[in-house]
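Just so it is clear, A, B, C and D label the chains in written order, and each chain counts residues from 1 on its own.
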Amino acid sequence: MKMPEQSRLRLIASCPERIGIVARVATFLAERGASITEANQYQDSKSQTFFMRSEFDIDGGAGILAKLEAEFKPLADELQMDWRLADANSRQRVVMLVSKFDHCLAYMLHRRKVGDMAFDVPCVISNHEDLRSLVEWYGIPYHYVPVPKDPEGKQAALEKTAQIISEAQPDTIVLARYMQIFPPWLCERYLHRVINIHHSFLPSFVGAKPYHQAEVRGVKLIGATCHYVTEDLDAGPIIEQDVARIGHSDTTKDMIRLGKDVENVVLSRGLRCHLEDRVLVHGNKTILFSK
Amino acid sequence: MKMPEQSRLRLIASCPERIGIVARVATFLAERGASITEANQYQDSKSQTFFMRSEFDIDGGAGILAKLEAEFKPLADELQMDWRLADANSRQRVVMLVSKFDHCLAYMLHRRKVGDMAFDVPCVISNHEDLRSLVEWYGIPYHYVPVPKDPEGKQAALEKTAQIISEAQPDTIVLARYMQIFPPWLCERYLHRVINIHHSFLPSFVGAKPYHQAEVRGVKLIGATCHYVTEDLDAGPIIEQDVARIGHSDTTKDMIRLGKDVENVVLSRGLRCHLEDRVLVHGNKTILFSK
Amino acid sequence: MKMPEQSRLRLIASCPERIGIVARVATFLAERGASITEANQYQDSKSQTFFMRSEFDIDGGAGILAKLEAEFKPLADELQMDWRLADANSRQRVVMLVSKFDHCLAYMLHRRKVGDMAFDVPCVISNHEDLRSLVEWYGIPYHYVPVPKDPEGKQAALEKTAQIISEAQPDTIVLARYMQIFPPWLCERYLHRVINIHHSFLPSFVGAKPYHQAEVRGVKLIGATCHYVTEDLDAGPIIEQDVARIGHSDTTKDMIRLGKDVENVVLSRGLRCHLEDRVLVHGNKTILFSK
Amino acid sequence: MKMPEQSRLRLIASCPERIGIVARVATFLAERGASITEANQYQDSKSQTFFMRSEFDIDGGAGILAKLEAEFKPLADELQMDWRLADANSRQRVVMLVSKFDHCLAYMLHRRKVGDMAFDVPCVISNHEDLRSLVEWYGIPYHYVPVPKDPEGKQAALEKTAQIISEAQPDTIVLARYMQIFPPWLCERYLHRVINIHHSFLPSFVGAKPYHQAEVRGVKLIGATCHYVTEDLDAGPIIEQDVARIGHSDTTKDMIRLGKDVENVVLSRGLRCHLEDRVLVHGNKTILFSK
């Protein structure tokens, strides 16, 4: 006799508030033998919207996800749900874009290698050659796409970048200190799947050189913000933020160094939540069903 | 025509894991027209125990809680649940015990007065007279029960304390820097309803004078721990903890001063979670369904 | 035989960088028998400015400060110093201005009463009557100066406020959530002696209703900033900042409540540093010789 | 004409308290044209001990340090000083010992490579082979010294380790998660020059498996402690500590992962302070003249 294979899946959904949503969904799952391991529900009273995330174990191997999707669709339609099912054990494909700063990239590739984070990296794209050896040491393809300053050259570079991304078939795109504007049409194509790390406590110090701005203003804390990229630069839904203390003798260079730890921790926390389907976007804000 | 009265209730429960718990409970609620505003479920895989907390709006006024309790009992029995229903808008009765340090008491009474925390205080009990005027300024009865050092006198004082507590019919008891041992038989009587604030980051510095111990050891952070009181001194389930940074020039007196803020914040966070039924005790640990 | 009286004084100074400043000043102090208990020196390399703070014990009672000032002046002049001597044990006169929120005021008055902070409060001024009973319970005069909306009425109110302040002869003025613009001419009169608490992590959310702005933006941390008031609203030199974590279910009302602890801690830390002469203003920034 | 070469040096000293220490030392420096860039003095009133650290620019190249040492010695002797002069721009030789966990080692080697930390690593010693490729990728010699369990084998391994260390002529030794007892005679030989990172908030959870202990106790924060290694295991002078928040669903494995960031930050902060001569040991505590 063979043990039936078991899968751990996640259902993430939002829909207009009404009575019985949890009952309907949980009954659907129970009827199929699903054992809930962790779940959260939250109703936003202003917009009358209901948000939920359920993680559950269910009998069935490779085909169970598609089967469940087909079976759930009528109920989801009836409840007017924005929803997805995900396999907790499948690894997302994450394309990373970088420029010259290597700390966020090095941090994530190292954490991934030792098993602290689970995702695949089909490729890394950069507008500089600097980080090629680091990336290739991890056995990951490195695409160098320089971005000229003239509009036509820039446009061509963006299109090439978009093509490489497209061929990599990413689930998620991470801008790990990519110092180029990510064009609106690309944001739109991968809506709420492009994650950026901004090296300030947004909305403070939007735009370029936030540590320089921080030094000029004389703040006593510096920060980092992980957010989804949208058309509005540095204004997308915030996933995670944190800060670190600085003093009067810390120069811009010191801040850059001290900021690296905050950036690493904030980006990896944010990316982890995203990969575990814990982030639900609601207008310009996020619902975070954190562990 | 009259609008039906609406209540916000909470169902908190734990039970052995099995398939369909959420479905059964959520269906029970939906059938009675309950609209879930916030809910959490968590399965502890080691002990195969399921924990859940649901907050919901339901039609019905004063009698709805008792009615629902009666109706839910058969299902709870079947699922072998340890459970309770609570009215989110009813105010718990919180008896406070203090000695000479007034900061935690002053903080909570002030927060309560301005509407930041919602609970009633039938009385404050102290083994000193020092804080009478503060307490009475808030219009709260103050019971002075000195605790002598001789065993018989101490026993008599404890019994008198227990009697005052009993007459106050508390839902919760807070030891807001009460420098006397709370006897095991009283802990047992109000199991997981007696909350203590210990002025260290437990398990560091158990017992007396933790700031003095912290100075001797030369730690760089001091902390505070809010926990349920059990037979084992300073070893009960931890609800909340936090720390504050200190330096080499901070004396024990400085630590006492700096520690006050941490104690206040940790105790008030812990008490708030407790009052909102967000803390589920599991063995010697807590499940915290924090907001 | 009588023990000579001893005083603890502080010398705070800044001057153009040159070789031998510490040697000259320390020799001046040593020649007068001063025993340094804590001292800090810092050279800002960009502006070539030298900053120093020395705390020392010296024989001599009430007259020693004035005597030392007279003796130090020639050296200070020679070194082109911006300087002051202060008695560590004299209590500063701190006038407080408030509107309706009482937490910062209540916190400081309580901390002062129990001996955690040492300063005198000649009076509290408010544009509302709400906090009179609290203030008078502490035995402190309360001045109610309503501020009308029409320009003339507002101007008259400001002048009355200025007059009350002037008569109180304050060393320091604290705006403990005073919801009125403090006029430039008053800032100028008490330059770097007016301290404000802003309920955001500046430069985020300048101006009115920062918690409301924070909710709209969906930040994951809220903050507070203690700064000197200058002509530019919310743009003066920052003394201290800190943050607290919030979540998606926290409303503006929750933020206001959670923010109170941060505001209290940040304002009291900032005021303490100011009262201990640990804050040296340098352009629009502060040098903080923290303990 | 040639610009005279300039050096940045540091003088770190402690001595019995007496009047005029700063005057004597600062005058000594001024007479030699030293320009102080940053300095701190602190008197411990209990032990009547004076601590100081001065960083200064002075004309002179390679020979200036030895010259100044010779000239300062008579004054230091007279003041009964425990002192040292250090060249701020010379790189310390740091030998690192590791076992199997690579995060602290990887973090420091990466930070060193990109220029965030300045020190040399003559070699890495490990009782396992696991981290050889990582270390050799950085061009650093890797010594594999297995430590058997039998007393004689262990003793031989320790002696071999001691010999390798000795030949490397280290200024500082870092135990970057080295899971072997560092023998008292080696601690003694490199007193206050051996730095350990312990993965708990000491004195909580001394000894083995602190994250496991933390999970059993149900704490809400985990921590890390950077300290000098002394004879007493996990009881040496603490240099730096910090904590991170955990929740009820975090397993020991999660804590290990979350703890890595705290360990990295705490160890690198502690090591940086040590390398910048900001840590003065006083009995079993440290004076930290932090930036």
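In this section, contacts are C-beta pairs under 8 Å (C-beta built on N, C-alpha and C of every residue); 3 or more make two chains touch, one makes a residue touch a chain.
As the structure is a prediction and not an experimental result, all values here were calculated from the model.
Centroid distances built from C-alpha atoms place B farthest away from chain D. In terms of C-beta pairs in contact, the better-connected of the chain pairs B-D and A-D is B-D.
Between chain A and chain D, the centres computed from C-alpha atoms are 37 Å apart.
Rounded to whole angstrom, the centroid-to-centroid distance between chain B and chain D, based on C-alpha atoms, equals 42 Å. Contact of a single residue of chain C with at least two other chains is seen at positions 38, 42, 247, 249. Contact residues on chain C toward chain A in their complex (touch as defined above): 42, 201-205, 217-221, 223, 237-243, 247-249, 282, 284-288. By the touch criterion given at the top, residues 17-24, 26-27, 29-31, 33-43, 45, 50 of chain C touch chain D in their complex.
The touching residues of chain A, when paired with chain D in their complex, are 38, 102-103, 106, 110, 114, 116, 137, 247, 249-250, 254, 257, 260-261, 264-265, 290-291.
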